[in-house]
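Two complexes follow with subunit A in common, the first pairing it with subunit B and the second with subunit C.
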Partner chain A sequence: MTSADFLSEVGPMHGWAMATAAVVSAAAAMVGTLLVVRRMSLLGDAISHAVLPGIVVAVLAGGRPGGPLVIVGAVVAALVTVWLTQVLRDGVGVAEDAGAGVVFTTLFALGVVLVTAAASRIDLDPGCILYGILELVPFDTISVGRWNVPRAFLTGLAVLVLIGLGLLVTWRLQVFVAFDADAARAAGMPVAAATLSLLAATAMTAVAGFEAVGAILVVAMLVVPAAAAELLGRRLSRVMAMAVALGVVGSVLGYLAAWKWNTNAAGMIAVVLGVEYAMAVIFAPEEGLLARGIGQIWLRWRVACEDQLAAVWRREEAAGTGLAAAAAPHGFIDRLARAWLAMAGRLRRVDGEWTLDPRARPAAEMIVRSHRLWEAWLGRHAELPVDHLHPPAEWMEHHLGADVRRQIEADLGWQASDPHGSEIPPER
Partner chain B sequence: MTSAVGYLSCLAAIDLSGLLAYNTLIVAAGTAAVGCAAGVVGSLSVLRKRALVGDAAAHVTLVGVATAFALTGRRDLPTLLAGGFAAALAGLLVLVVMRRYTRTRDDAATAIVLSVGFGGGIALVAGMTARGIPGSAGLENFLLGHTAALTARDAGVLAGVSLATVVVVMLFLKEATLVAFDRSFAAAAGWPVAVVDYLLVVLVAVMVVVGLPAAGAVLVTALVVIPPVAARQWTDRLGTMLVLAGVIGLVSAVTGVAISAVVPRLATGPVIVLVAAAIFAISVLFTRWRSPREAA
Partner chain C sequence: MSLAPPLVEFHDVTVAYGRRPVLWNVDLTISEPCLFGVVGPNGAGKSTLLKAALGLVPLAGGMVRLFGQPLERVRRRVGYVPQRETVDWDFPVSVMDVVLMGTYSRVGWLRRPAAAERAVARESLARVGLEDLADRQIGRLSGGQQQRVFLARALAQQADVYFLDEPMAGVDARSQEQILAVLSGLRDAGKLVIVVHHDLRAVTDWFDAVALIDMRLVAAGPTRETLTPDNLRRTYAGAIDVLDEVGRAVQRRSRTP
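Right, the complex of A and B next:
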């Protein structure tokens, strides 16, 4: 099956379902980015459970699912959750996570019981609450002009626009509060208002996501793309943009995967978002496991090569003075590095001893220079015993550039030898 | 008791014959043991400030339950729960790996494991149901809890595991207490702090798994959080708190099973949670009224 066949088979109805998932996911990713950087992810979890009784009561009071009354009900439930958690923390002395655990499980349980009790009067069932019915979203439509647009899509779009506008207007405040709430408070910023609006936005997202993907998978849309994007960048605006992109792509791919394998769309969307996160963990350009692994291997290799060159330089120096030099490191990687240096023509075997090729001599000498300068500098400033100077220098020798070496030398007043009495080679 | 049953039946005008059936009584006893043990284990994890560690494990169990069913084709409780336990441990391991190797903070990591694991479980269950695999529809009972489907043998297994867990807690109570109250002192005094921490997390995972049939993956975390927090209102002594949390968990579980047995289509989990929450609310109000304290 080609991809074109696959898409035409998927059809326009599925297009609406995917569009709904995408708008909800985009809104959730924007809110979620702020929740994640403010370490409020679990509050997002708690709120997406706790809005249930608010929604049910609003529906029982005559609100349409996804309508304004239901959104108000959900926002009230979210605020009650946060307020109760704070009362439990400040008034009763219950730790914050335990308090949240008490409040959101209780509210969710209340919601489930209400749904069960009012099953004949409202159009919600416990299964739908947990994992939504994205597949049925296209069949509940409202006519807008000439089109029949799914109601859930309109709700999602409205929430997306509202949250997007809210962010545009309060962006600088949100950034300030996200990174340093105390400083923002000290600067007279309305921190409480920023937090409250974030909570309200979380509740609205939960409502928009509730019908489409259910309570728990809203959590996936809130937190997973944001956490993945956080591994890919540092600027908040860029992290948020990437979170939105990951959320939208994940929603579409997840829906298609669910369609192909004939299973629940919301569940598959969560799984695909999880895969995106795992890929970010592995492949992120700067802090991915792969990049960090390669960086570490490369550093280890460079250190091994430099150690071999420096050891040969010292042996040659010792041969001149008649003293014995320390043996070169001979672990597996060290021997591999030596073999590589020999192959590249940097080291030569002459009369059973390794000698430096003239091309490799300057590099080797500068490593020894770094080493001895660092020992001398530590010896003067760090008040370490003389026999403790070697290990730190053995590490620092690989990290000192020409500029730093000159600065150290100037600080030492052009001292000619290190604390062990060895001559410090001049800069080349 | 009889009058209470009569009152309930008048109130709800429901057939109560199911309530006193032999199977219901056995199941109630098994669930009571689970509620009691969850209260005891949960007390330690709440004191250790790890109240929500069970929540991630609980949601992930669904993947394991569905996988165990898909692989073995069996739907007897021990098989499914073994799968759930394996998945819970895997989820906790993922959390450890994320903490060690990524910049993602603990709260986000918990939410990720919880929601992705739950999504995977839902996708597996829905996929099997859509393929008409017999028995897969029953897996949904693990979402919100449904004790009516349990057999006497299942109840025996649940009670046995719960009892074993309580015994383990009693065996390492001294170590766990020290680690919960003063981790640095315990470490300095040479206690195996990390081992105690891991053991505690594994015990919470065990309780979350045996709590699944009663409370369901979504709400089972309440079994290890609410009774301990309620018990804490009454006492400052650990021994008293453990016993009280056990009793509150037991009462909540039995009441939940009884109510959901007489009300058609009402899942057990939410009822157990609401009963526990009511006991917590009463505990807070009564202890405040008895001796009003300054806000902590």
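Right, the complex of A and C next:
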């Protein structure tokens, strides 16, 4: 089956379901980015659950699921959650995470109880609240002109547009408050309003998400793409754009995968988002495990090469004075490094002894210089016996640049030899 | 000719966290532009005093006036440099983004920063010696550079009174010199610069006047007259035990209905 066949088989119904997941995910990723950088993702979790009783009460009062009254109910429930958490924290001294945990689970449970008790009277189903009914979204439509558009899509789109516009207008305020709330307050910024609007946006996202993916998985849409994007970007606008992209791609791929393997779409979307996060953790250009691993291996290799060069330099120096020099390290990587240096023409075998190629001499000399300078500096400034100076210098010799070396030299008053009496080579 | 109101006036200021007072009945008036140090041991309430002046903590009693007015009327004339550790330096913003935040209190956050604001921000960065790092992400700066970014943000605000919380803490010697040069420059330009500082070294070289704080105001005035052995003893080994105990007692009493 080619991908074109696959897509045509997916058909317009599935297209609407995917579009719904995508708009909800995009809105959630925007809100989630601010929650994640403000270290408030737990609160996002809490709010997306705690809005349930607000929604149920609004529906009982005659609101349409996804309609304006329901959104108001959800926002009120969200603010009650945050307020109760703060009362517990400031008034009773309960830790914030414990307080939020108690408040949102209780409110969510209250919502479940209400919805079950009133099941005969209202158009809400406990199962769909938990897991969403993405697959059924296309069948509940509203006609817009000539089109029959799913209601959940329209809710999601409205929430997305509202949040997008809100962010566009308040962007600088939100960034300032997220980065440094105290300074923002001191500068007279409306910090409380910024935070409240973020909480309201979280509640609105939860309302849109309830219909599409359910209460449990809307948390994944809020937090996971944003957390992944945070590893990838260095400016908040970029981070947010990437979170939206990851959320949308994850929603579409997740839906297609669920359709192909005939499983729950919301669950599959969350799984795909989790996979995206794992990939970000592994492949992020600087923070990623892979980049760090490569950095570690590269460092180990550089140390091995430098150790070989320095050892040969010391042997040549010792041959001049008639003293014995320590043998070069000869572990597996060290021998590999020596072989590579020989192949690259940096080391030569002359009369059964390794010697430095003139091109490699300056580099080798500067490593020894770093080593002896550090020994001398430690000998002067740290209370260490002379035989304890070598190991730290053996490590530090690979990390001192020319600037630091000059600084140390100046600090030592241009001392000519190290604590063992060896001459410190001059800077090249 | 009317008498100009004092630049900063703390009148019987008491601050409590929860219900426990941490700063007691501070009366302090600063009338002249100068480099003013707020000095005292750890936990003495120095940062709290600053936050009280900036409206960041509620007052349990007393009042603060800036330029003879309530803070709300004069916010844009007041610059603030918080402690460096209070923010997450991995936050995804560039140096320029942070410095531009300093201009919001003058021109608002709704409008995109115009060329004029960018010029102010660039000039502020140049004053702290960071003009070449404008596009760098703040997490990739050294501690001293981060502190100077905070200072540049306050400079970009073009305020008349500056409050700085431990700007010299954990900062390399070069940054320290540069920060001090900028602060002296502000003082010479007729601004009042109030600096919280926990370290007694160099206080006499840096500050024109000091307030010694240890949960209450111990002494205040020109540095040389104020930093007497007796005052220092009272600041660093003084009545703190008593005040601490009284504070706890107040907390206990207010809990029982």
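One rule holds for everything that comes next: the second predicted complex is superposed on the first by the 374 of 428 C-alpha atoms of A that agree within 3 Å, B and C clash if a C-alpha of one lies under 4 Å from a C-alpha of the other, contacts with A are read in each partner's own complex, and residues count from 1 in each chain.
Heads up, the rule we're going with is that a residue touches a chain if its C-beta (ideal position, glycine included) is under 8 Å from a C-beta of that chain, and two chains touch if they have at least 3 such contacts.
Owing to the predicted nature of the structure, the values given are computational and were not obtained by experimental measurement.
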item: Which partner reaches more residues of subunit A (counting touched residues only), subunit B or subunit C; value: B
item: Touched partner set for A:136, first subunit B, second subunit C, both or neither; value: neither
item: Touched partner set for A:269, first subunit B, second subunit C, both or neither; value: first
item: Contacts of A:39 with subunit B and subunit C, given as first, second, both or neither; value: both
item: Partner chain in contact with A:149 - subunit B first, subunit C second, else both or neither; value: neither
item: Partner chain in contact with A:80 - subunit B first, subunit C second, else both or neither; value: neither
item: Touching partner for A:235 - first (subunit B), second (subunit C), both, neither; value: second
item: Which superposed partner A:180 touches (first subunit B, second subunit C, both, neither); value: second
item: Subunit B versus subunit C as contact partner of A:196, first or second or both or neither; value: neither
item: Touching partner for A:169 - first (subunit B), second (subunit C), both, neither; value: second
item: Residues on subunit A lying within both footprints (that of subunit B and that of subunit C); value: 39, 90, 230
item: Residues on subunit B engaged by subunit A in the complex (per definition of touch); value: 46, 49, 51-52, 55, 59, 98, 101-105, 107-112, 114-116, 118-127, 130-131, 140, 143-144, 218-219, 221-222, 225-226, 228-229, 232-233, 265-267, 269-271, 273-274, 277, 280, 284, 295-296
item: List of subunit A residues in touch with subunit C within their complex; value: 37, 39, 90, 169-170, 172-173, 175-176, 178-180, 182-189, 230, 233-236, 238-239
item: Contacting residues of subunit A [partner subunit B, same complex]; value: 36, 39-42, 44-45, 49, 90-95, 97-102, 105-106, 108-110, 112-113, 116-117, 119, 126-127, 130-131, 216-217, 219-220, 222-224, 226-227, 230-231, 258, 261-264, 266-271, 273-274, 277, 281, 287, 289
item: Footprint of subunit A on subunit C - complex, ascending; value: 18, 51, 54-56, 72, 75-76, 78, 80, 82, 86-88, 91-94, 97-98, 101-102, 104-105, 109-110, 137, 153, 157, 163
